[in-house]
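Below is one structure, written out as structure tokens; comments come after it.
The chains carry the letters A, B, C and D, assigned in the order they are written, with residues numbered from 1 in each.
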């Protein structure tokens, strides 16, 4: 059994939840431009996995990327400013929600193309092996994304080249408004793992400790040169594919949602921490308040930040530097 | 060129509803037509362009697919070669890049490679364009890539009327066709006859007649060009606005005929200017009407950068009526208007 | 156990072998333009599978497509004329070896893009199910092709939609000059089947009866609505990836080739047929002679055929007809 | 424009050997450079362009990949973002269509989408062009598709000298670059210095000076244009032949400067004419040199059909010196030569 830092796991999850719910509210009052894919309900996955990583390990993300960045240590101010399209944002307003990233934190970007981040994670893993620097790369992706060619090619290549990469599937049973069972004839995503010569592990994605332990275990193998592994986290998104709503929709039942909410990753973990005496209700409350204060500060920062100047439009298309010749 | 257009007293319909109406009528009339794509079923497509079809035709004919753009197009190619008339949807035009092999190496070339034996009556629908702050991977206009591929036909409806008419023509065509819907036009309303009709492929539409300059405007730019033309009319400049409607095959005749009358030309599209379809149109105009031109053919398009997210930048990215009017003034040698 | 028509299986294989060896000779004396991927050594696969099909079932093929067309009943004259780029060829000289096809025979084309025929077979299978016409589609592809995204997407889609398609992998252990084991971390291709919810069957691809029986068995399930299946045929190409040579090459040993040749699908089957008294050595010889005579006639036909006229260049890009309006 | 060119007494080397020599020297000098692709290892690449590299650098730095074009490019993108300087090979340019998402949506846009944070020093090599009877899926020239994508740089070396120099520049560049090798030039021999040198990106080369017409020729067409120019010199016509070398960014200045002197222009490439890079070049020339032009800018390219297999047809498909000479005579209003 691996040990875990409950306070840290809890804090990561709360920070994601608070950031996402706030972003959701902002978007409902039309204060955020563009598409917004929220991570609420799935916090245990990003938190459990990222807590098992070193700071210099890399991750790639998806259209639903805020949670991954927060879990990796992302800065609320720069995130919120980016969601608002401000010059102070992570991408200086050029990327928005779907391209949020922090290369310094090893977060190699959300991605607007389903599955496209997976080969990029494999490339990062290749670089790590090439440089023998001990780092690993993690690719996050959804259940629906495992149906696309890029996922397959990347998983196979990682297997063939024995690259240090962990594939983390966030199986929330839907791709947009389509049920997973209508798009694949398998029960679990890990049924795909043997086809790439890799080990597949299923874990309860609503249980952050379970995720963390499974990730730690899988990463041990990955780090020690055993090649890639696939971790399937069974989870659920509370909100809609885009935006907030999520209830009263035709493609899934409110009962189903309620059942999942009964197993809310944060509430259940708080109960557990309270029971073990690690975190009192008050202390937990303080974590929420702190996160909320930080997000509120981020909103203020973002709102007071300038929009990109017109001249910024053509900046950053190309890099003017080059290798020393 | 044809004057095919709605009679002014026709029923008004939204661009996006013209899509589902055309498909419903086509599917009622022809059992071999089916629709497949991501979330096209009960969800009715992420833009609502397919709403009602699943209810009427059920899951045999309206198929929710896995997220697999290559296989979606391949499904269409295989079904088309086998005698069906598939309509497959690629949700955003940006994802066309994921499926380019099946589109450009398979669908487009099959008939020719097979010595003319195969028939590939496949229609691909997709949504293009910026304006929703959807950033660099959900906002592109990539028609130039498709128009460079022999074997494909490419249409870009600018009005609800043509949305329906062109879609009908494409589905009935025995070649692979691509129907580009513009996201910012989805809510546009215009006269659309209730019956099934075709807008002929390869025929441009003169959206406004004028004698001083020919503006060739693609997709969403047609409205912007018309707005610019109205402004310019107040300055004594009469613009002829041509909506090519079909980009491949391109109606050179109508465009060149117009330029020979107006002696000036401006081409405008939302896609990146460098290497856009406007380059081909400009090249053709000067080839076919060199002696008639009083000035170089001008082009307006997006700057050479990916589509930015921030509305502040996106707004600068997409050409608009003001830039078109400035462009016209430039071609005609007028003094620029300082706002 | 399914029954088989040994004479028919034998004839299919011999016709492929003779056609291919002749084509190889022609290419060595520079009488064929372009790239030539020969099927010699793998005859039992196409023959065994195609003998299990009805005439109106469809197949899609690969860059190595002559064998599939011959097995499906292709006409030597039009094939040879096509390889020579003549107007009388299957594609009127426009496709050549890599695009040879006969839609009337349900052979939907060789394909120059690895894996690209697989989604097309799935589309044909979709049409069959849509029209409920009882037909099946077969996708032939190599081991290396299972690493490409199109294969994955097509296999998954067939599984999800329960389409009547049989995936036939010709596992010859190489993709061009690269060993299979360097490009995938699995022992058998069928390890990929469960990931698509389909059954995988391995068969000795040098034994035409085994292939035929396995194909017949798999096709039964496919025809009865069980969804797709994957048949992996262990086989070997005698010649090089392109052209003839194949011996004295650096990427594989002559010993390995010799071992496979010991199990030559035709010679071993002839021994078996002779033993059972179904086909005497003389009768077998006659099949070879007949095939050779037919190929010789095809060469003559092709050589005397005209090249395409210049006007043909622009013919057939578009279809001028349309649906009745 | 630069006059960078080999000194005549330099060592002669084949175009394809210039590739492996450049890579070997780059890999010796910079540990962060590696090569990955299908059959690039012991096999040395299907065209021999990578021979010797596996022997010298071993399987850590010369990697045989699965047949997975998307993952090959993705491997490059991920490794580049992580600090390496990958060279990845897409065996035939036709297969670029399989990997278009990773090339155009990822590699090209990453830096911009990330607000300028990322650096993507990725080089993609690929082989283009017809002439080997390899038919419609192994013969294409698709540079126009790549040049329309902001974020990419595209080079098309026409000589062994530039093959080496441009490849070096691309690998050292901090942006995603695409190096197009022409299959029919692989065996071409020319002077190539033994040391490591760069052909600067974005600088055209004047391959022949002349005063009567500017021929802009791409890739393999440079040699054909030079042959045509020699023929035409016998007819008293002096052609200036410009080899752009880099197609993106395009050296407009050199081309326009030339046309302003010659007052006539012809653009020629092997790709399909409609929507080819020639359309952009022609459009630019008439924009920037309209008042200097005595005739329309002419374009020569492949006809609007897939590449046919039969040598009898393929030969008609690819532009050659004779067609270029005819094109020049047309622009200059000379009587056509009846062969």
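Miscellaneous remarks
Keep this in mind: a residue touches a chain if its C-beta (ideal position, glycine included) is under 8 Å from a C-beta of that chain, and two chains touch if they have at least 3 such contacts.
Here the structure is a predicted model, which means the values were calculated and not measured.
Farthest from chain B in terms of Cα centroid separation is C. Interface comparison, A-D versus C-D: the higher number of contacting C-beta pairs is recorded for A-D.
Measuring from the averaged C-alpha position of chain A to that of chain C gives a distance of 44 Å. Averaging Cα coordinates per chain places chain B and chain D 31 Å apart.
Distance between chain A and chain D, defined via averaged C-alpha coordinates, is recorded as 40 Å. Averaging Cα coordinates per chain places chain C and chain D 36 Å apart. Residue positions of chain B touching 2 or more other chains, listed in rising order: 65-66, 68-70, 94-95, 98, 101, 105, 112-113, 135-137, 150-151, 304-306, 308-309. Multi-chain contact residues of chain A, defined as those touching 2 or more other chains: 91, 93-95, 99, 111-113, 147-150, 153, 156-157, 160, 182-184, 317.
Remark: chain C residues 147-153, 156-157, 159-160, 162, 182-186, 191-198, 227 touch chain A in the complex. Note for the complex: chain B touches chain D at residues 94-95, 97-98, 100-101, 104-105, 108-109, 112-113, 135-137, 142, 144-145, 147-151, 248, 250, 271-272, 274-280, 282-283, 286-287, 290, 293, 295-299, 304-306, 308-309.
In the complex of the two chains, the chain A residues touching chain D come out as 58, 60, 89-95, 99, 101, 103, 108-109, 111-113, 116, 118-128, 130-131, 137, 149-150, 153-154, 156-157, 160-161, 315-323, 325. Touching chain A in their complex are the following residues of chain D: 30, 34, 60, 63, 65-66, 68-86, 101-102, 105-106, 110-121, 150-151, 153, 171-175, 198.
Only residues 38-39, 41-43, 46, 64-70, 94-95, 98, 132-138, 303-306, 308-313, 316-317 of chain D touch chain C when the two sit together in their complex.
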